[in-house]
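One chain, chain A, links the two complexes that follow: it is found with chain B in the first and with chain C in the second.
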Partner chain A sequence: MNKIAGTLAMLSILVSSTSAYAIECNNTVWNKIQANGKIVVGVKADTKPWGYRSSDGKLIGMEIDLAQEVADTLGVELELVAVQSSNRMQFLEVGKIDLMIATMSDRLDRRKIVGVVGPNYYSSGTNIMAPKALKITSWNDLNGKPVCGKQGTFYNKIIEERYGADVIAFGGNAEAKQALRDKKCIAWVYDDSVIAGDLLSGNFDDYEMPLASEDDNPWGIAVPIEERNCVFGRFISGMQFNWHQTGDLIKLEEKWGIQSTAYLATQKDQFADWLSE
Partner chain B sequence: MKRLNSNQNHGKLPVLLSVKGNGSHAYNSMTMVNWLASMPWWTPVLLMTALILWPHVAWAGSNYTAGDALDALWRWAPFLIKSGFLFNILISFLVLAVGTVGGVLLGLGQISLSKPVRAVSWFITQLFRNSPWLVILFVVMLLVPYEIKLFGYNFFFPDWMKAVFGLSLPIIANISEIVRGAVQSVPNTQWEAAEAMAFTRNQTLWKIILPQCFKRMIPPWMNWYAILTMATPLISILGVEEIVNLSRQAIEAEDNHPELLIPFYSFVLILFFAYCYPIARLTVRLERKFAVKL
Partner chain C sequence: MLDLFTEFFRQVAEENPRWNFIFFYQEIQAGKIWKGIQYTLLLAVCCVVSSMVIGVLGAWLQRSKSMLVRASVQGYIQLFRNTPPFVQLLFFYFALGQLTPTYSPDGWLEIPIISNVGWAVISLSLFAGAFNVEIFRSGIEAVPDSTQEAAEALGFSKLQTYRYIVFPLAFRISLPALNNNLVNLVKTTTQAFAIAVPELLYQCVVIWNDYPSAQYPTMLLLFVVYVSMVAVLVFGMSRWETALRIPGYDH
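Coming up: the complex of A and B.
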């Protein structure tokens, strides 16, 4: 049954994308950007190092760098709007932002609302940080146990359903990590690259990331859905393709101190220029 | 409710005392400011000191010290005050403005001569006085769309505007009670005398009754201002970028060290205390001053 539903959903996506081809492109947002000489990009303000604030309140991070490069390539000014997981798609729908680069996992249901264009610029998996003393060896060890997490991540529900964990979701990761230290939960579930960074910091020496990452999910940059197969969507696709081919994404990963992901390396190989060297 | 002025009334003839109109109770709910004003001013300083010393004991194992956390707070404080706390204060002023205008109208509705108006005003007042603020905020958030098309124009309702509207509803209801209570606390003889001198009802209300109410409404009105100011961090749950949300973003930017939680949130506590405490002291003083003077 699920398979049929999935196939139908895939088909409807295919149909909608082909029909979008057929209808004429208005390029409204694209033209607006050119006319105003300004692109409004929605980025995160609470997700270091992708999008966060410096102490003077300015938005900085890896995704802000990407947004800047989009603006520079277009030759327009960049305006940043801080978005949250709960409102980022709505902001794009109603035109409050022109483009969204906001750590959004590329999921089927989201593609029906916003125009996610490939190739995906990043990917992250789910893992846990747990005290070494607990000797957790498999995801099934979480069954029936309290696990701390952050509100709004899509895998909270998944690990509850798949492994029977009781997720206690906090507003921020600081609160979640404090709860882990206070032994209110046996593990903290989050993106694997962030956990790896914390383990390297030396502040969590009694903790480990014992499991194999799961649900590796590519992230998507989104344009308004009407422009997915028009100039704007194609342009953003081109930007992402180029970032992969030149290895810019890997450089940015290093610049922002993110644990290097296998995804970016394989993408770089895949998109490598066959004539180079 | 404890009457602060009870001591001053000894030896006065009963006819000189304020009369509770129509047998219903005059509205007086000053618990919050009385409680706040009764604290010595150094309470939060003491709390902060105690809390800062605490993590030294608890997490000696981590490389990140309470000193690092205070450094981080020092770096972020200007931004948190300028973009965060001042925004909370702005929100509180807006809510107070909307709440006062709406509350006066609704309060006058509660003492209207028309029964349906009275009933509806009473119902709205009771509904919003007795609902949890957070629930009201959630309902407003979900009910009001982000964008409304009217006369060919698009009107945007950003989150902060919805939050002002949502916080205003309980304030409207409580100020409505203040107005009703104040009007009904004016002795009936004032109405009768005005009627005998051929004043219309509107003239009586605006020229005779309300001017007498004004002074006695100020303390409870300030009381509600203090309460609503302390309630503004509620809107952080709705994603408005006010001080609690910005503190959270600051903690994120400082790598989410759990050691940051106590200094940052205590800092927010001290800001609110420093702002609300003088208001509470002043309110209590004004209440004593304005009590029973007709």
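Coming up: the complex of A and C.
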């Protein structure tokens, strides 16, 4: 009997997550956050300077600052959970986290699984970090060569199919960069803004970002998909809108030493308050 | 027939956004799965065989007269049994990988002589081997002293006693425990994922990252493949157990 009940429960979970669009809002997660007085946000732990661990083990970074602002605006406590590119959507889906701010590129197929709400808070392109000694000048130089990457990024497939690179994907950036240092691959493929940050850190003086970035792609903050068009989704949209309008994102970019992106500047203009001077 | 099959799963994917069995109708994805299965089988077979060799050798060396040999076998067991296999993998690949000789095809790349697949086999074999030594030892200790004394009385040398009398009996006693450990070993090969060995779990994660809609089907596939692999192993081992049975020597 128990077995049957268990199977039924499993089935109902499967079915419930299949129906992507709830017709009405029950605001379950939103209400849970209020009731618990706590919001659980999934952030990165290995992507400096968006989300990483300080020397005393605390999670810090630009996205943690954003998460803190969300919590402060809600008037609740903030709990951070470290997620990886390959499990971040699943964490949100199963309710391990309430909100995901984890350097996720906003892609059509991902929107079918998590509730990405606009306006996108950031944007980056794909580039590589390669040793200066190799003098790589074109994406085609990667043809047939081992390139280190990270599991869960959308461009691994693109550079394999478009340029014939042989992507060796590790679980985290730390391992991928270590493998590049160990000369197990000729380059590390990742977001251009992250690479720029690493190059500035002083730990990669013999390396460069030699190519023109490709596939510029906005990043998305995601709420559970059922709540995309409900209170929670609308609230996160409002937060992002406000960050753009006040220029907070540009300030945070400076605070964390991120190369300034044209995307944030245009967004700020676009959302400018028409009554302000 | 094959068209009907692919068409069916294409249809399923269209109607159910979470049940995209993409590896059943897209050649590139099917190729990844096939490659993954091949690597998983390669890892499993190599690790099972070499961990058993390590087990037999270790159990024999444990009976050595030299203190030094016995101590080093003991040290090896403690070291590999008491640290997580995941940490061993990372240590072997990243730390020891630095010390192995490399060759360079283009002046920059330093391709180590031992690849990540090689390191996975070495580290997982040593890990499971440590358990196998203990498993064989328990078998050896279950062989009565009188049997060994009888062999000695018949003029068998120490090596001959081990080879012809003690080990064959001990092996039969060890089989059930060995079975367990080998099943575990086959499942532990998924950890080679950490050092980017393109085995089945690696390929599956690649697929469900590229196509989030294919996540449940790929997880299902993982289960099916591992259940079948372990089933084949267990079936083979129990057949072996029956074949080796000595009438009257049941415990």
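Here, the second predicted complex is superposed on the first by the 223 of 277 C-alpha atoms of A that agree within 3 Å, B and C clash if a C-alpha of one lies under 4 Å from a C-alpha of the other, contacts with A are read in each partner's own complex, and residues count from 1 in each chain.
FYI, a residue touches a chain if its C-beta (ideal position, glycine included) is under 8 Å from a C-beta of that chain, and two chains touch if they have at least 3 such contacts.
This one's a predicted model, so the numbers in the text were calculated from it and none came from an experiment.
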{"item": "Touching partner for A:37 - first (chain B), second (chain C), both, neither", "value": "neither"}
{"item": "Touching partner for A:86 - first (chain B), second (chain C), both, neither", "value": "both"}
{"item": "Touched partner set for A:131, first chain B, second chain C, both or neither", "value": "second"}
{"item": "Which superposed partner A:110 touches (first chain B, second chain C, both, neither)", "value": "second"}
{"item": "Which of chain B and chain C A:157 touches, first, second, both or neither", "value": "second"}
{"item": "Touched partner set for A:238, first chain B, second chain C, both or neither", "value": "neither"}
{"item": "Touching partner for A:178 - first (chain B), second (chain C), both, neither", "value": "both"}
{"item": "A:169 touches, of chain B and chain C: first, second, both or neither?", "value": "second"}
{"item": "First, second, both or neither for A:257, with chain B first and chain C second", "value": "neither"}
{"item": "Shared contact residues on chain A - chain B and chain C", "value": "86, 90, 171, 175, 178"}
{"item": "Residues of chain A that touch chain B when the two form their complex", "value": "45-48, 52-57, 82, 84, 86-87, 90, 94, 96, 171-175, 177-178, 181, 198, 201-206"}
{"item": "Chain A residues within the chain C interface of the complex", "value": "14, 17-18, 20, 85-86, 89-90, 109-110, 112-113, 131, 133-134, 145-146, 151-154, 156-157, 168-171, 175, 178-179, 182-186"}
{"item": "Parts of chain C lying in touch with chain A, wherever the complex brings them together", "value": "16-19, 90, 94, 97-98, 102, 106, 108-112, 193-196, 202, 205-206, 209-213, 215-216"}
{"item": "Contact set on chain B toward chain A in their complex", "value": "59, 61-64, 75-76, 79, 82-83, 146-147, 156, 159, 239, 241, 246, 248-253, 255-258, 260-261"}
